[in-house]
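My questions all concern the structure below.
The first chain written gets the first letter, and so on, giving A, B, C and D; residue counts start at 1 in each chain.
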Amino acid sequence: MTVRALASLLLLAASSALAAVPAQNALEPHGVQALAIHDLWRLTLLVCTLVFAAVLAAFLYAIWRAPRSKERTAPDVAVLDQPEPKLRRPVVIGVAVSAVLLVVLIVADFVTERRLAHLPLKDAVRIEVTGHLWWWGVRYLDDEPSRMFSTANEIHVPAGKPVILKLNSADVIHSFWAPSLHGKKDLIPGRTALLHFRTDKPGVYRGQCAEFCGFEHALMAFTVVADPPEQYEAWAARQRQPAPAPVTDLQKQGLAVFMRSTCAMCHAIAGTEAGARLGPDLTHLASRSMIASGTLPNTRQYLAAWILDPQRFKKGANMPPTPLSAQDLNALMAYLETLK
Amino acid sequence: MSADANNPVLDRSWSDPPGLIGWLSAINHKTISIRFMLTTMGFFAAGGVLAMIIRLQLARPENKLVGPDFYNQLFTMHGTTMMFLFAVPVMQAVATYLVPLMIGSRGIAFPRMNAFAYWIFLFGGLMLYIAFILDIGPDAGWFAYPPLAGPEYSPGKRMDFWAQLITYTELSGLLEAVILITTIFKMRTPGMTLNRMPLFVWTMLVTSFMVMFAMPSVMLASTALITDRLVGTHFYNPAEGGDVLLWQHLFWFFGHPEVYLIFIPPLGFMSSIIATFARRPIYGYPVMVLAVIATAFLAFSLWVHHMFATNVPELGKSFFTAASAMIAIPTAAQIFCWIATLWAGRLNFRTPMLFALSFFFILTIGGLTGIMLASVSLDLQVHDTFFVVAHLHYVLIGGAVFPLFGAFYYWFPKFTGRLMSERLGKWNFWLMFVGFNVAFFPMHIAGLRGMPRRVYTYPAEMGWNLLNLVSSIGAAILAVGILLFVINVLVSRRRGEVAGADPWGAGTLEWATASPPAPGNFAQPVVVASRFPLWSPGGVAGVVRGLADDRREVLVTSVLDAVPNHRAMMPESSIWPFVSAVAVTVLFVGSIFTPWAVVWGAVLATPPLIVWFWPKRKATQMNLEREVKP
Amino acid sequence: MNDTRIPSQDINVARLPTYVFGSHSMMWWGTMGLMLIEGTVFAITVVVYFYLRSHSQTWPVDPPPDLLWGSLNTLILLASMVPNQLAKRAAERERRQHARWWLLACLAFALAFLIVRVFEFSALNTRWDANAYGSVVWMLLALHTTHLITDTIDTAVLAVLMFTGPLEGKRFVDVSENAMYWYFVVGSWLPIYAVIYWGARL
Amino acid sequence: MKTTVLSMLLLASLAGCYREERPDPAPPSPPTESNVRLSEIEPGQKAAPPGVSNQYEENAYALSQGKTLFRKFNCSGCHGQGGGGMGPALMDDKWNYGSEPENIYATIVQGRPNGMPAFGGHLTNEQVWQLVAYVRSMSGQVGVDAAPSRSDEFQSAPPEGRREKEEPKDASDAAAAPKG
């Protein structure tokens, strides 16, 4: 009965997966590391299922074959004083087989760990990811300082190229986890951790914080966008540019609103006077597909609603509500939309 | 067969005094244990209600039932309650009832300390729940990782209450460990050598030793957290030379053994229940004992597997992978021994047995997923996801709660003199079993499909909706099952079938005395010559004569072979453990608000403790009259 | 009904003593249990000290504690083992007079130690809220002081009891176990002393 | 008897809610009319105290938010961790422009001569009141059980919750020379 229930459950789970976008799933690996772990998973699952089936079969057979009794049935105490070789052998064999299987699994794990650790890192893209309450700061590192740039919550990487993430935290412990690419790694204040991965196929992969980090831990997601290499280079080149100067009056007015309201206290837009680093870098805000750390799609309506009252969508968000007149808001939106 | 006879003199000398003051002064181990069990089960119910709210919130994506602030308090309280206010103490609570009976003793060692430990536990739990009701419930997780739980990111007093709760429960737990070890080592009835002890007593002995090495670690860690928060020490402040991972090391050095503190006593329940309902001793007694001891040792060498996602050195991780996997071997050995026992036994499927047998299904799954978590690489994927939630509930509910419920069905007649309803019991069991699996199995899949733990909401398009809905339905079924248990207890306590001394035809000493036992347990303590004295042809080997009935005298025997050594006089009932616990509570709660509370709290707590110790002239006089010098 | 049993191994315990000294007594096991727990606390705190040290580039961050008071206290503590041993022996021989005075002597040593302990705190050259080094050093010393204070109170209570009564044989067991606990306080001080005073100088 | 206990519990729960509520309770509204004038000649005067009671002073979360803002908006750039620097110290008993919440509110919103910028418009009302509450906690003006404890950073002064309460000495006349 239970087995059937499990089977149907699994089926249901599989069918509910159809709607899911983009992948955030350890069972749908798209990076070399996630693949290696997935291989290990399949082996482990197989071994464990067999063991489970064997134990359950032995148990069920034992209770099926044993005669029944009542409270008053005379207990068999004679066995206290005599060895029971018939029972001993299966128990010893069972323990021995368990030990052997465990060794197999441990060895498989070591092999997988080596696979994970031996990703060739030549020409790797280096990205510094900083965890904040509750968003991800992303900085593309380069030997040449002028080629560095910042963005947030959306990490573009070239498909087929190794990526080195340098993980830091600005406040509490977070954990970077994009299950389709690799396992997770904690971002620990006072320490720096490294995470290497490579994704071989272009695509969009979702991830989210996996270490409880307070209020809005649930809404601290990010996306990793694997672009074909040339497309990635084009993207990076654009990101290195400062924000375009506002052209129309409305856009100019929008920038003015940005500078004189609360926005400029926290956000930076390269190419303007806004240089604060407390919130996500907005230089190329319009090029990102999501806002509020993967919480809302980056559309005009959502962005405007978010600016007016972030707590409506993300109760603990540190961004304060900004009461703007319809006119100011319109101008601000017009300006922000130019930040491609 | 029963060595029990009515003995009003003995009853009077071991009874708790009447009245309210008497109620607060009670120190009889059975009285305290019943209160302890009821208290822990009360917290279990409270924790369960919190869990139901969590499941309601997660039943649908983007649910607005509770907000993040309350949700964080909910799951923190749920975890804290289940770990610190239920799972560990309930085992000790049951043990303080059963261990003296199983070893044929009239009482427990240090009975006043036992009462004190109970009151401390109760006050700690009440403090936490009162704080929770006042919106000062802790909200940084039951694991309270700094810096999130530290002064900067958990302002206010919420986490101080949490940290102080740790002090309470660990103090209580440590005292109980000392009490149980002394009881087990020194108060066994003559003839009960170590290798004739019931397996449950063995598991409690091992558990108590583990408590003594594990709990100091978390007490120190939480003390450091309190001082960080209250007086500005820097244990967890990286800017001033502290380290946030220090907490994780200390916490998991306790936290992992804690799982085994919860899991090992139920192994003893299993052995008691299976032996009785398979009508034969457990196969492989020495293996069972050694397996438990091996588990205890290994349990201290795998705490780092909770930290695989941090940047601890890779080589170290491999060691912990191996250790974590190897701990499966002693458990496997025990499972095989039980299966062998069932194989060669004659089985009686009463409700306690059903609960015990469900272990083979649920715990085996939990153990196997545990092996997956031991692997560094797999852990990197499933760590901190719902997969772990599923795993830990399979281990703790399958490995501890189901056997515990079996134990309640099994020993309920001993506690109350009446059997629990078998019909309700079967319903209770099957609802819990089905509900549990429906609730927790889908979580494995949700975790693998990318759902992290401790999230108060999730987007609708992640593909987790159905899994979560099924989990919530299962949780509701599980809750109905547990509700049936409560009903069964309430009904059977008054109307259940009268049990008699030994309703199950069991073989260990707790069944040799009346149900419920008289205040002095055994009118005539027995001499044993077997692991199952009541099953031996001719019954127990003999009786112990010469223990006074008109006062609280117990026989103290040698550690290994239980050779009679001396007669010890146990203390009279006293209100001072209660008063001391109140005073210590003032100290603990006060020190949440000001460090000076440690000073004036200590000044307040010292007099009751001295009065507690101070001998009474009359009792001393009586003792002197009968004193026999060594 | 017991009388009808045939192969009876009945035991009569009426003539067994009502109290004993040493490892046969329950009090000994209780005390051992507490010592084990507190020993674990000390050991873990020392581990914390070295853990923090291994994560710190400079250690100690502040100048190491002055040696004078700590070393003086070590001497006092070592010397206190003499009256302690004598109190223990007097108790085990049930000599109330001797036990009284030796307990008082122990008490005097304990008080002397506590007084010097105040100077010790002031000579640590760091504060608990200065940095992690200060925190762990204060924690170590404070933990040990807590044990000292409790055992001092315990000794005082027993000393008074020896004077005023009511007294019976097993109170001497209490005195004997109190002495054992004092050994623990002394024994645990030596590694803590080494860590606080010499660990900072290595 | 029962009702007494119940109502007391209820009362206590109100107190609890208040102290730990997060996100914070609603702030007081800004002073309707400001009488702070901004010019070098007349460096502002003490506002007539309209008696605004700032609920944030009793809310631990709001105070800690205030502390975060104080650091993140670089108040510490001039005022240090309270000991002062280019700007006056905030943890002592001297107040050039008044120590009452509404005075500090005005100071933040309107700015003061000699370097204190006006943050009006750049901060929301909530943020200003959080800052006000925090600034007052720096000299021990708020309850110790709500005041912030140490931060996870380099420590140059004892945490706010452990400071002695200073008796504010407001500079009584406008002519008092601003510090720094």
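Operating definition for what follows: a residue touches a chain if its C-beta (ideal position, glycine included) is under 8 Å from a C-beta of that chain, and two chains touch if they have at least 3 such contacts.
Every value quoted in this text rests on a predicted model; they were computed, and no experiment measured them.
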Which of A-D and B-C has more C-beta contact pairs: B-C
Whole-Å gap separating chain B and chain C, where each centre is the average of the chain's CA atoms: 30
Distance between the centres, which are taken as Cα means, of chain C and chain A, whole angstrom: 52
Centre-to-centre distance between chain D and chain A (centres being mean Cα positions), rounded to whole Å: 39
Centre-of-Cα separation between chain B and chain A, whole angstrom: 36
Per-residue multi-chain contacts in chain A, two or more chains: 189, 215, 315-316
Residue numbers of chain B (touch at least two other chains): 69, 147, 153, 228, 231-232, 234, 237-240, 243
Residues of chain D touching at least two other chains: 22-23, 150, 152, 155, 158-159
Pairwise chain contacts, counting only pairs that touch as defined: A-B, A-D, B-C, B-D, C-D
Residues of chain B defined as touching chain C within the complex: 3, 5, 109-110, 113, 174, 177-178, 181-182, 185-187, 190-191, 212-213, 215-217, 219-220, 223-224, 227-228, 231-235, 237, 240-243, 246, 249-250, 253, 524, 527, 529, 538-539, 541-547, 555-556, 558, 564-569, 602, 606, 610, 613-617, 620-621, 623-624, 626-630
Of all residues in chain C, those that touch chain D in their complex: 129-131
Interfacial residue positions of chain A with respect to chain B in the complex: 2, 5-6, 9-10, 12-13, 16-21, 24-27, 34, 36-37, 40-41, 44-45, 48, 51-52, 55-56, 58-59, 62-63, 65-77, 79-80, 84, 86-88, 90-91, 94-95, 98-99, 102, 105-106, 108-110, 112-113, 116-117, 133, 171-173, 175, 177, 179-180, 182-186, 188-194, 206, 208-219, 315-316
Contacting residues of chain B [partner chain D, same complex]: 69, 131, 133-136, 147, 150-153, 155-158, 228-232, 234, 236-240, 593-594
Residue ranges of chain D in contact with chain C within the complex: 150, 155, 158-159
